[in-house]
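Order of writing sets the chain letters: A, B and C. Residues in each chain are counted from 1.
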Amino acid sequence: MPSAPSAHRLGDIAAHVRGELLGDPGLLVHGLNGLEEAAPGEVSFYGNPRYRKQFEATRASAVLVGMDAQAREGLALVRVHNPHLAYAKLLSLFHPASRPEPGIHPSAHVHPEATVHPEASVRAGAVVERGAHVGARTVLHPGAYVGESARVGDDCVLYPHATVRERCVVGSRVILHASSVVGADGFGFAFDAEGEAGPEHFKIPQVGIVRIEDDVEVGACTCIDRATVGETVVGRGTKLDNLVQIAHNVRVGPLSLICAQAGVSGSAEVGTGVVLAGQVGVVGHIRVGDLAKVGAQSGVAHDVPDGQVVSGSPAIPHRDWLRASAASGQLADLLKEVRALRRRVEMLEKEKGG
Amino acid sequence: MPSAPSAHRLGDIAAHVRGELLGDPGLLVHGLNGLEEAAPGEVSFYGNPRYRKQFEATRASAVLVGMDAQAREGLALVRVHNPHLAYAKLLSLFHPASRPEPGIHPSAHVHPEATVHPEASVRAGAVVERGAHVGARTVLHPGAYVGESARVGDDCVLYPHATVRERCVVGSRVILHASSVVGADGFGFAFDAEGEAGPEHFKIPQVGIVRIEDDVEVGACTCIDRATVGETVVGRGTKLDNLVQIAHNVRVGPLSLICAQAGVSGSAEVGTGVVLAGQVGVVGHIRVGDLAKVGAQSGVAHDVPDGQVVSGSPAIPHRDWLRASAASGQLADLLKEVRALRRRVEMLEKEKGG
Amino acid sequence: MPSAPSAHRLGDIAAHVRGELLGDPGLLVHGLNGLEEAAPGEVSFYGNPRYRKQFEATRASAVLVGMDAQAREGLALVRVHNPHLAYAKLLSLFHPASRPEPGIHPSAHVHPEATVHPEASVRAGAVVERGAHVGARTVLHPGAYVGESARVGDDCVLYPHATVRERCVVGSRVILHASSVVGADGFGFAFDAEGEAGPEHFKIPQVGIVRIEDDVEVGACTCIDRATVGETVVGRGTKLDNLVQIAHNVRVGPLSLICAQAGVSGSAEVGTGVVLAGQVGVVGHIRVGDLAKVGAQSGVAHDVPDGQVVSGSPAIPHRDWLRASAASGQLADLLKEVRALRRRVEMLEKEKGG
């Protein structure tokens, strides 16, 4: 939860982002803003030549720029390798995260056999079940739930109504947004035509767990199902957006980004540094290779090799998809053309025969 | 929460919908129902000539009809400009919303520095954080959460486990359905190849807010992310269905309808009176113009002009999409046809040469 | 909530699944595992010839196999009609579900006019409103909510923050996963160009309910909206995965499977034993026939006959869709081909004319 902004000297700002300052280090900066919105006393960033016009017109007192930027009259510059990243670091500097007081709120429910670190905060109505562990400086916001024998590491934040079901393991510095669900039962049934009360989908007990590694972020209303047997895994530093579905026994590697409303089906594997754009679907039991990128709304039905960019439903290499999309716009015209050609060929054939 | 139905005289009913009554104003009506299901003593509505048969066979005592409907033997009619709207208004009349007693339940947690209007209801286990404001006649159902310094206006309903995160602003007469999430962090990261503990997606602090204007409805498990800087906005009278994703810095204009499982990506703009059908995706940084309509499952990748109807993924004008869809069904036949044509042309060429 | 595994004799195991044992009935088995992962002392299953290699190399002490499997040196076999189903039944045997103590936790809120069976468990922070009924052995986990006059049958499990709104009816042996929402208002509005404060989407009161029959499972963050008038129904033994949307007045028949992130629009009917794969959309007011199967990400825009398999958006018979998909990959080449043919025809025409 970022707090109200503070003020900083430009020299300190440049040092914080390890940048090279062209300007007055004593200048007092009290905020950050976009190139167009920034007022004097604010810092902005310019990382994309598309915004050159806005850069030239900005009223900001200083701008984060690339290493090759030229000094400019009347505007302080901070040269950095990655202006966007530097801007993100300044946002953290100006809006340091605040943390509630440590301790257990009287209306929280912590089982006597649970272990809650004395520096953790367990807020109103949060629940920690028997045998569960909550690490140092972790915050359980109101209504957050940590199930029996589950483990949540240090410096985590569980927002209101986040659920971690029994025995699941959450690393350190993990953020679980509001109403996210870690460890619900996987969707597994075996059809029994001769069930006791007639045909039924016999529920396959989901006795595995979810393991979330360090530095993962899980979006609001995102669901990560526990494994049938074994583990569903989300790797270190991977970020999941809102309303994402991760099915049982999926393994997502480290440093991947899975955008809103995407879904990964059972036992699929998503590699390292993968990007799944919004509303993507990945079928079960396949592998999306390291550093692969999948375009929005695509349906991945087969293995994707490392580094490949794919699009479409079913997904194909992005280049082919662009070609097919362009062609498909011409399809109606093509139909006409072919009909016309047929008539011309008929004519030629007739004349030849005649 | 609508209560049990009451009974009304037909004259009062006609007055309530500003309709013209053809029938006995003293007739007692005790409920509403569909044309087929309605029994004597009930009112129904007939707004679509598709249901002419059902209208002619109905056992209802009275029917809401258009202004041009003819009087009918043995059936009272109420002529109105919009029978569907009039029916909706009667549903409200027959099922007036009930509201829990005002006051704060002993198991709720209201911070001493929060402001809760004395006519508001804060029910069991609901939480209002420091500096937050809850307006008159607003109901926080069990488990609803209003974060630090957030503001919720008058006559709102927050259903169980609805979350409004810190500093967000909710207007008046807003409904937040169960487990909806207002103000979770936007999905923003800057890749840092040289992070302290190796490569990482550095979290860009999301220091902005969500602002929801008056008369908005937010569906169950729908997520509206806070802005990176500034505001994510949902305009007056716009209605969001369940499981919708609104990303950071999106601006949705007034009076739009966004159907279930649709998603709008970061910084996109959705105009006034727009309809996004179910499972639509809108990419970031584009604009869907006023009164535009987007067909179900479409993927909007470019600006949509005001008033345009688009479909498909990527979305194109609906008329073109219909043409392309039709053509695509003929594609396999087309392939055959072209192969046949090629053979015929080869034959002609050979003969000419021979 | 499955508990820690127990140990069983192979003879008892064979009896439990009504199988034919080829091996030592006294052998002690202490767990279950996949063919590759299984260690001595564990049972596995072999139901698909694809895994023949793994079957031949397994270190398991016993394997569940089909009725036609041959005895094998050094490996106990249990012959059954459906090895997958038998394996599921053994998982239940080895991990019997544990249930919290019956009784009402002091921090739960049960209205004095609610009926909670003495064998039910109402855990910390759960809420049961006035006139509601909770059946025998049903567990309301922390934060679960049962609204006014709602009914939940026997042997149900409501996981944390599951919501059942007022007057809805839930059968017996139903599982509602975390943050699922039963009975939120359907998405129904009538546009009123002349509302009191300007144009508005007038809210149509949703005065109906949701009725969930016995043996249904509802996934995490899945939403089932209440009917405008009447009932939204989910039939006996149907299973809904996570993040599914069931709109108002939908009727889903018994024994259907609806996978993650699928959505069914208002008043649609889904028959018996239907399978909707992940991210499918079904438009309103249509019928998906009994035993129909809809492929992942498909968009169903028209009635689907009983037993039909469909795919695509809009969905067409799966066979046609495969043919169209294959053809669509050839489209760009087809364009070239047609252009070439046109030139050849022009040439022929010219020569003929010349």
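To be clear about the criterion, contacts are C-beta pairs under 8 Å (C-beta built on N, C-alpha and C of every residue); 3 or more make two chains touch, one makes a residue touch a chain.
Computed from a predicted structure; not experimentally measured.
Undergrad: Shortest hop count from subunit A to subunit C along touching chains?
TA: The least step count works out to 1.
Undergrad: Could you work out how far subunit B has to rotate to sit on subunit C, using CA atoms and steps of 5 degrees?
TA: 120
Undergrad: Mind checking subunit A against subunit B and telling me if their interface is mostly the same residue numbers on each side, over half, or mostly different?
TA: Looking at both copies, the contact residues mostly diverge.
Undergrad: How many angstrom lie between the CA centroids of subunit A and subunit B, rounded to a whole number?
TA: Here the centre of subunit B sits 25 Å away from the centre of subunit A.
Undergrad: Would you pick out the residues of subunit C that each touch at least 2 other chains?
TA: 107, 125, 143, 161, 179, 221, 243, 261, 279, 297, 313, 328, 331, 334, 338, 341, 345, 348
Undergrad: Using the touch rule from the top, collect the residues of subunit A that touch subunit B in their complex.
TA: 1-2, 5, 32-34, 37, 82, 84-85, 87-89, 91-92, 94-95, 97, 105, 107, 124-125, 141-143, 159-161, 175, 177-179, 215, 217, 219-221, 237, 239, 241-243, 255, 257, 259-261, 278-279, 296-297, 313, 325, 328-329, 331-332, 334-335, 338, 341-342, 345, 348-349, 352
Undergrad: For a test of understanding, state which residues of subunit A touch subunit C in their complex under the given definition.
TA: Spelled out, the residues of subunit A in touch with subunit C are 107, 109, 125, 127, 143, 145, 147-148, 161, 163, 165-166, 179, 181, 184-185, 187-192, 199-207, 221, 223, 225, 228-230, 243, 245, 247, 261, 263, 265, 279, 281, 283, 297, 299, 301, 313-314, 316, 320, 323-324, 326-328, 330-331, 334, 337-338, 341, 344-345, 348, 351.
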